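Each of the two complexes below includes chain A, the first together with chain B, the second together with chain C.
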Partner chain A sequence: MTLLTAAFLTALLAGAITAGIPLLLAGLGEQLSEKTGVLNIGIEGMMLAGAYLGFLVAWKTDSVFLGFVGGAGGGMLVAAIMALLCVRFGLNQIVIGIALTLGAEGATAMLHYFQFAQTYPRLGAISSLPIPLLADIPVLGPALFNRPPIVYIALLLVAVFAYVYRKTYWGIALQAAGDKPAALDSSGVSVLGIRSVAVLLTGALVGLGGGFMAIVGAGIFVPFMTNGNGFIGIVLAMLARGRPLWVLGGAALFGACLSLTTALQVAGVDIPTDVIQMLPFAAVMGVLVMLGRKANLPSALGAAYVRGAR
Partner chain B sequence: MTLSSQPADDAEPLAKPIVSLKSVTKRFPGIVANDSISIDFFPGEVHVLLGENGAGKSTLVSMLSGLQQPSEGSIAVDGTEMPIASPQKALSLGIGTVFQHSMLVPSLTLIDNVNLGGSWWKTPDREAIAKRMEETALSIGVEVNPAAITSSLSLGEQQQAEIVRALMRGSRFLILDEATAMLTPKDAEKLGQLMRRLVAQGLAVIFITHKLNEAVAYGDRISVLRLGRKVGALGPDELKSLGPEAATKEIIRLMFGSNGNQAAETTRAAGSARPLVTATDPLLEILALEVDDDSVPVTGIELKIGAGEIVGIAGIDGNGQKQLSEALAGQRPVKNGRIYLDGQPIEDLPIGARRHRGLRYVTDDRLGEGTVGAFPVSINLLLKQIGEAPFWRSGIEQGGAIAENARKQVKDYDIRTPDIETPAGKLSGGNIQKLLLARELTGSARAVIFAKPTYGLDLNNIAASRRRIREAADGGKAVIVLSTELDELIELSDRIAVMSQGRIVGIVENDGDARQKIGEFMSGVAA
Partner chain C sequence: MSVEVQDPSADGQAAAKNNGLASRRLLTDRLQLIGLSIGPLVAAILVASLILIAMGVNPVDYYTYIVNRGLLSPSGIEATLTRMGPLLLIAAGLIVAFRAGIWNLGGDAQFLLGASVVAALAPVLTGYMPVWLVLIVTLVIGAIIGALWSLVPALLRARQGVNEIITTMMMSFLGISFSNVLVKIFFLDPATNVPQTRTLPVEDRLPRLFDTTISSGVLIGLVAILIVHYVMAKTAFGLKLKIVGANAKAAVHAGLSVSALTIGVFAISAGFSGLSGAVAVLGQYGNVRADWNPAYTLTIVPLVFLARFNGFATIAYVFLFSVLSIGSESAARRLGVPNYFTLVTMAILLILLGITEMLDQKRRESRRT
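Let's turn to the complex of A and B:
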């Protein structure tokens, strides 16, 4: 098989990571919201806002770092609306989530049009940070250990969240907010506070993912460019049932399928891309059939908390 | 058992109240739950709040613990008027509450439930907390398993854990809303003694109960609520001079007004009230039943219950009663063994099919599995018949029939609700229980399993519920009553089985010395 050359595998793996990082960030973000009982359908919109603002800041300032800050900020901006409407005022999370996604799609497309008319300026290439020794491993090295720092940070976040969920008071409070908010409230912890913080952090994570797509992945901003990545993040969070490592696994799987499309085209194999892009969804359905019966989502997921209501 | 009151004599004139309610009114849509109530709570006193179901006791508690705000009036703490704006504020003022319904997170361990409210950036020292929890539990004479996941515990065990948690928080004003409802008399007595010790250290305790003997035994002061109003109070001096018996009488008069007599009767008429039924052909037959469970697996259950017979199941909470009753009801798979109803095996049937055969289960988890809080009372009364005629026809709701059924049952069972369309979750605890009884006892039941059928009910309603259980048996049904209250079982049952660690360790006829024998089985003397 001429397919399995080192170059092909490297491209495949590198592509999987490039495609998988935004999914990972979206999944981790959604997981955080869902833990506290907020079903965050708005992350597609937060991601797009992050992609747009991330690109804009990076382009204006010529700084990748500031670009990512802008991306996180863009996501948080949309998340702030969600926190206000769904957590503070207790409005329906699904309705607001959909509205935010549609709104962000329209707003970013419009802003981009006013800013750039029909041009699509391109950012410069991102410098990578090779990790000594590890970067020299064949195939794995260039794909995994010779990447921009943001990649390492995203991967590190998996461990951070796993630690937070299992080992800290905050992790306990997050779970309580989603499972029995009244119990948390009567213990003197503000449920609305915990949920608001979680939603804002979700916005930051997802926005960072969007920024990654624009700055690292594509190097340009195109309207609607997140193209369902946020929604896949929701699926990942649902499947992972509170475990960050599972989000990583899911993101890797989806990322690999997405990058396989490109890699196969590079290798000149002619399978319709649509078929390959269906692979992750088929995989999800398979997983759901096998494991999905025992769904243990937080019991208060999707329900607004009103103190004293019964 | 020491049932004499030991009020702190000289505390009253000197001490200033820790907390005072000043003409506090709380309105909910369609109901005034608290109507201009003024009460002082003194340090060094156990203040008992009494009142029938729906009188407004829990509402008062929720205002003291910051969950609700008064519609009118104010609350003063240490003499200064201040709103208790949030639970956090209440905790910081030293007000600790054990609520009537569990405030533990089911998916967390008991340790982590104690950890709720810790500073978020820290990591909890779970081992130290477990140790502290065990010590605190030991000091009040109960046992907890700190590492257990809360949802695997019985409601009684959860309630004990909540009491332990409240003590660990170091409250100076402790509110116990029906904290003894799920305890055995022995554990309730331990809790009573603990309350006495706590007030001796200068704490103030609010103790809500429906058991008047507990009220006069452990209370220094008693306030009685009725239909949201404070209708009377007994101070330490009065309680002392009246003595337990006269005090109880006076309380009953205050609680129920003119129809208090009936309740007084029934409290005295304990003992084996019905002629014993000797089993004929068994209607409900349980053979070598085994049920899987992580903490208390149930094994080797053999029981035969004839038509018209009431079999009580005694035992300390958490010895497999929950697992057994859920397996019988079909909410939990049977691992091994058989269950026959009318000679037909039913152990493989789902819940609905068992109900159709005439098996009914009155759960003790009235909020979690008994009712859907957001649904109206009328629908909750038909929860297990949704889609069935005459209430639904071709899938269409028949509003008239549903409402008629609801109005009849609300009247028959004296369910106090503003309206049949009120969401069931808004009713008081005791009234939700009445709703459950109403639902399970109507229609063509053959065998009924009652789990703690009268917990949280006031005297009148206990009497009414027990009467209904007896009527059910007299009507030819086979009845199982699981209860931690021995008096209840002795009053109702023909035979009493004792459960311990997932097994039935003995079955006794309910005759003169049943109490003695059951005690021996429970403590493992007779094996």
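Let's turn to the complex of A and C:
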């Protein structure tokens, strides 16, 4: 097999991480919203806003760091509308989520049309931060331990969220806002406050994922570039049943298949990319058919909290 | 034809007391309902106009153009009505699913697979049977393909309670790719270099209405919505679905076979999406190109919600959406406003409709107490 050279494997693994990080951030973000009882269908839009604003800021300021801040900010901007309409005012989460996705798709595509459609500016390659010793491991080293810092931060977030959910007061409060909002309310904690913060943080995480796609992944912003990644994030969050580590596993699986698609194309293997794109979904469906367990979602998921309504 | 009044429980007792009063109530309620739809529409156009002004486009010109192209010009209204056919069928399927509390979000794959299988079969079948029979057979096949694609999510939900939002979305991604594989490898038209299926000749497609280019697909869509509306409102089956949707546990206690109903609902809902794909191919496109995906489902979901699953309101919203999308497609070419602007307008409209509905609900609650 000429395919299985070290260079090919490195490229495959590196590509899997590049494709998987946005999915990971989207899944972690969605998981946070869902824990508190907000079914956040709008993350595709938040991701796209993050990709646009992240690219714009990185391009204008020439600073990758500010670009990521811009990406998180773009996601939060859309999330703020969601928090206001769905958490404060209790509007239908599905309708508003889809509206925000459509709106962000339209708005970013129009902004791109007026700003970049003639020139298509590109960002330069961004510098990576090799981790001593680990970066020297063959294949694994260059693919995983010689990457931009944002990659390490995203992976660390998995551990941070796992700790917060399991060990801290905040983790319990988040869970309670989704499972027994009335009980949380009567213990003197603001359900709407917790949910609003969670939705805003979701926006920041997902927006960061979008920013990653534009700044690290593509180096360019194109309309609709998130291409369903936000929706895959929703699927990952639901499959993970509240566990951040499972989101990581899912993002790795989907990222690997996306990477395999491009790698085989580059290697000149003549299979339509659609066949490989089917793999992760087919695999997860297969697992679901065999295990067939309930999704274990928070009981108040999707329902607006109105004090005294139940 | 009667317009169904929303949330009749609020007015039920008054109606029982006095017929005259009730009918006056009905009238004001109907007027309010219309106001509730028109108000946000006007507000959305105003907000969108501000954006247009910021872009340096005269909003009056823009909207005049849209109404002219999407509604008033003969070719525009024909395109609008033709587009409504597939959209209404998707809406009909969503109404059934949502009423029963089932989140079938996999409509895009059900639509596409129905479309590509029908596009592959129809031109071949015309060699073996009369055109009218081909049309009937392929419409049925489209519906069956759509329904089959929902079978796994249906069984998982009915037997094991696996959340169907996950499974239908996964099957949707899977099906969109699978449809592409079918078109690119198995259904390829050998006569062209473009990756697409064979093309059904115009004379073999669904008949056009009168002397226009309007496809009779719109009639199929209208009939489907009206049947769904009637079945949901008047029949025992519709009532059963509503009970399952409102409270599945109570439905079990009431002796309903929830798992059989669940599988049935999936099949009906996905069947309508598959039928929609068949109608789009047989009435309008004639073939399926590789990577084609109009992704109608996501725009129809909120419309069905805002119509509160009411068939007539759904028809109105779908009509509005079709005018807007047909009109803005040509406005993009003529006025330099990118087509993406429709997405922004849709978002504003959905948000304002949502806010209006919330305010209306608060008003109802305060009236009740």
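Methods note: the second predicted complex is superposed on the first by the 307 of 310 C-alpha atoms of A that agree within 3 Å, B and C clash if a C-alpha of one lies under 4 Å from a C-alpha of the other, contacts with A are read in each partner's own complex, and residues count from 1 in each chain.
By our rule, a residue touches a chain if its C-beta (ideal position, glycine included) is under 8 Å from a C-beta of that chain, and two chains touch if they have at least 3 such contacts.
Remember, it's a predicted structure, so these values are computed and weren't measured experimentally.
Once chain A of one complex is fitted onto chain A of the other, the partner contacts of A:38 are absent, as it touches neither chain B nor chain C. By the touch criterion defined above, A:214 lies against neither chain B nor chain C after alignment on the C-alpha atoms of chain A. Using the contact criterion defined above for the overlaid structures, shared-chain residue A:307 touches chain B, although it does not reach chain C. Legend: residue contacts after superposition of the two complexes on their common chain; A:173 is shown touching chain B, with no touch to chain C. In the superposition on chain A, contact of A:187 is made with chain B only, not with chain C. Contact with neither chain B nor chain C is seen for A:21 once the two complexes are overlaid on the shared chain.
Chain A is touched at more residues by one of its partners, and among chain B and chain C that partner is C.
Taken in their complex, chain A has these residues touching chain B: 167-170, 172-173, 175-176, 179-180, 182-190, 296, 299, 307-308, 310. Within the complex, the chain A residues that touch chain C are 81, 85, 89-92, 94-96, 98-107, 109-110, 113-114, 223, 228, 231-232, 234-235, 238-239, 272, 274-275, 277-278, 281-282, 284-285, 288-289, 292-295, 297.
Those residues of chain B that touch chain A in the shared complex are 62, 65, 67-68, 86-88, 90-92, 97, 99, 102-108, 112-113, 115-124, 373, 425-426.
In the complex of the two chains, the chain C residues touching chain A come out as 55, 152, 156, 159-163, 165-167, 169-171, 173-174, 177-178, 180-181, 184-185, 298-299, 301-302, 305-306, 338, 340-348, 350-351, 353-355, 357-358.
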